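Each of the next two complexes has chain A plus one more chain, namely chain B in the first and chain C in the second.
Let's look at the complex of A and B:
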């Protein structure tokens, strides 16, 4: 019940946006139209769920955007159009995601580097490394099987929507498990959590690993959906963090639900869709987006008991 | 300004003393006697030494007048932004909008100057006004609307980006030759741009160490609640820090406009001044949580990044490899400090 109340604002905003979209474009109300929206939203929602784990534990992950780019560029170069390479490369991508998350987590907790700096450094390292490897521009091509996840359907339902459902369910179950409680306790008060027997470092590392995994999955979906480019992940880290905060999750940790974070990502995607429908595209879209993000976060800050959470 | 009624807390003591972790207390207490500012300058000396050796092996000469001037010139713009960013971070906030603000102010300057000498004064005044206004907006959104600084300044960044991208496709306006001297002239071995950076750094150092506002910035960053209860109007301090941070970004925009001879819509983001300035501040030993650190460290952090860059240039290292090493160096350097200070409290 309490969770539902705190999610009120974001669900209301999302509902309003969806109604506005439906008014502008009745096709949106048909299953195909709505599924297309979900398909487009899937990568950001999955990224937001991953980012939620990190944020609720009191940290940041700025490396997810460049990790998505790495996934797509590595996949294109290694697969290079060969069907039989698809599955091993998919497995490799997941491993890369997990390893990057592990590195972020271990450096943040073990070396006590603020995660803002850890993941900023990781962002530089990842984007530098992948273009060093490819010589400056993405090469190769993805296979049809790889692209299936991002753009093809299974019966009437797109693959990416199914993956989104699975990821969303897993995230909710995780947050209901003991792990979820430890994660929130860690973000809320690390010292209290530590004294009551939570291994806070391990919990945080797990959060970073989940974020890396989410970025890997999002990268696979985006690669299939949008194709190979060096810009595919650009700015995604900020979008994911914005989505999480839109969902009422406090930066600084300890408060907010994963469902609300995912709702925040849907809201952001609905906003993009709406701006396109009303012809506000191109540059001004950013300006409108900026105004609305500030307004939405300000609105939720007024409604909820405010707690200054500037400590990064 | 400095006399009676020195408020709340002196710099350095404002931060709550973190608990000494079990086991490592003695060693850390010993290490704690070397300030983080000394560490960054030791690191800077180390990097210069290693760079000198590497360049010498490569058959070059690192410490020529040319490289020293180059380092000063390259670091001036980032340095000015980072000095401003130090204020935002010290107060417990941060500013992600500086990169787009730099692009915007370079355009404002070049458009108003329009190549005329008579336009310099109005151009500079307009840049200062625009940047102060954006800093004011950042500060008000953070303090009055209670939006987290990360989101507030990201939102402002998007708004400025939208406006700039909507109005401009490429370089615009032009800067008169006399104003370009700011970017290129030298007095003996010292570039004018480096003097500008030094002036900004000294001004902010003076502000932090010798004025009431400076003490309040440390107090608010150290513990906002305590500062508020001691009678500091914390909101105003946060706003002032953001205004000054943005004005510094505006000055950097002026400098870049004078280098390019025109305004450019991507000059701020191409330089990565937002994240890069935050990295430089943290490299300089300023705590991301606020309340601890200062301008001297930031100057060291910026110089360290510039020296690194210069060494790479002389060794003709691949640009992408540079990014990799820079990322590793930033994380490693911050890890070295973090080991020296006791673990920050989560709340």
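Let's look at the complex of A and C:
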């Protein structure tokens, strides 16, 4: 009940946006139209869920955008249009995602590098590596099977919506488990969590690994949706962070629900769709994201004194 | 409680913005002011916005005329041809070989430049009199290219080839190099005529008009056309759109939107899907470059509607889609074979032979009649067909083909 109340505002905003979209475009109310929206939102929602784990533990992951690009570019080059290469490459992409997350986590916790710096560095390393390997332009082609997940339907339902359902359910179950409680405790008060027996470093590493995994899945869906591109991941890290913040999750950690973070991603995607439907896009999208991040952080800063007062 | 406040503030600010936008009448693009568009609302296509400030009527007229002029030079080697050349003497640069050629490249950061760069290297390999070929890649940074040019000038190059990253910023660097070494500029220009020759195909106006005229011909009057642009403010792209705008404004077509895609396939696909939903039917798609054309085609396929008349480019993945889907399409080109010409020009200059001051290469468009000539099944999807590289050694492997 408490969780539902805290999610009230974001759900209200989402509902209003959905109504506005439906007014501009009645097709949106039909199952096919709505499923198309879910399909388009799926990569960002999954990415936001991954980012949520990291943010709620008190860190950031800025590397997910370039990680998505790496996934798509690597997949295209290794698959090179051959169907039989699809499954091994999909497995490899998941492993790459997990390894990048692991590296982010170990460097942040073990070497005490602030995650902002770690993942910024990782973002540069990954985009540099892609550039070196491709000489600036992706080569090869994705197979039909690979593209199925982002583009095709299973019966009436797009594959990406099914994958989104699975990923969302897994994220919710994970947050309801002991791991979720340890994660929130870590983000809320690292010292207190440590003293009460939480292995803070391990918990944070796990959060980064989950974020890497989410980026791998998002990369597979985006590559499937739109095909090979060297720009596919550009700016996605900020979209994911914006979505999480929009869902009311506190930057700095310790508060907010994963469902709200995913609702934030839906809201952001709905906002982009609406801007597009009204013929406004491009630069304004960035401006909107910027305003959201600043407003959310300002809001949390403003209320901090009250919170302390309450605790005393 | 705290969470709710954060979400509320964030949400409200987002809604305010959304509401603010929604109350505007649909704008054509973020850059287009409303005033003049509203003033000319009687025109057939009020949605095309204001004319670009890059538009120069004389250049537009000249380029459109050049499309029908025949080029001088060998017909099977368009990279050696020139349209209406005004020759200049290069006797003062004459010197004996072997030569040391230098090249300051803006970048190899997109498939078009990659194909061009490979083609240029293959051209160099053809000439034994080139003893050394020094190339520096500016990685898309003006400041690096300025220092690259300075470094190359100091290295004792016999001729310097420059493909400028941006026009205005690189002008002083090129001006500085001109007195010391014969300079050849190609692809994008600079604002000085000190280079011995400036090489490029006809240009953006011709590219944009080729696509727009095709749509005017194929789409019935009153049909809805969506225009997709990469981004604003780049001269070669601005001229493509401004020429298309002139064509559309004179036509009976209804331009329902002009959108920027950032060259991003996913964004392109989303934008096109939204327009299909919003208008029910889109009858034509114009593009200022075809790199995301396949994504646009897929948006129609995924929506389960026929693919309308579409403008692409000579990229293999688009040509493939065109052929397999039996599309109504056209591919204007900005041929990558222009990367061969600067090497040929440099050798001519060093041998004291005349070269055109402004070396305009032919700029063919691929039509359904010529599609089969340009579609090569074994080339990679991002290969550009007009590379003029088919007879070079190491083709197709050197270009990623099989």
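Simple rule for what comes next: the second predicted complex is superposed on the first by the 281 of 312 C-alpha atoms of A that agree within 3 Å, B and C clash if a C-alpha of one lies under 4 Å from a C-alpha of the other, contacts with A are read in each partner's own complex, and residues count from 1 in each chain.
Heads up, the rule we're going with is that contacts are C-beta pairs under 8 Å (C-beta built on N, C-alpha and C of every residue); 3 or more make two chains touch, one makes a residue touch a chain.
What you are looking at is a predicted structure, and each value in this text was computed from that prediction instead of being measured.
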item	value
Touched partner set for A:288, first chain B, second chain C, both or neither	both
Touched partner set for A:58, first chain B, second chain C, both or neither	first
Chain B versus chain C as contact partner of A:129, first or second or both or neither	first
Which of chain B and chain C A:277 touches, first, second, both or neither	second
Per-residue contact with chain A, leading partner among chain C and chain B	C
Contacts of A:33 with chain B and chain C, given as first, second, both or neither	second
Chain B versus chain C as contact partner of A:177, first or second or both or neither	neither
Partner chain in contact with A:298 - chain B first, chain C second, else both or neither	both
Touching partner for A:141 - first (chain B), second (chain C), both, neither	second
First, second, both or neither for A:191, with chain B first and chain C second	first
Residues on chain A lying within both footprints (that of chain B and that of chain C)	131, 136, 245, 282-284, 287-288, 291, 298
For the chain A and chain B complex, residues of the former touching the latter	58, 62, 107, 111-114, 116-118, 120-125, 127-129, 131-132, 136, 187-191, 238, 241-242, 245, 251-253, 282-291, 293-294, 297-298, 301-302, 306, 308-312
In the complex with chain A, residue positions of chain C that touch it	1-15, 17-18, 21-22, 24, 26-30, 107-111, 113-114, 257, 259-260, 262-266, 268-271, 273-274, 277-278, 292, 294-295, 298, 302-303, 317, 380-382, 400
Complex interface listing, chain A residues touching chain C	5-10, 12-13, 16-17, 20, 24-25, 27-28, 33, 36, 40, 131, 135-141, 151, 222, 225-232, 234, 245-250, 255-256, 260, 267, 271-284, 287-288, 291-292, 295-296, 298-300, 303, 307
Chain B residues touching chain A - in the complex, by the definition given at the top	92-94, 141, 145-152, 154-159, 161-166, 224, 275, 278-279, 282, 288-290, 318, 320-328, 330-331, 334-335, 338-339, 343-347
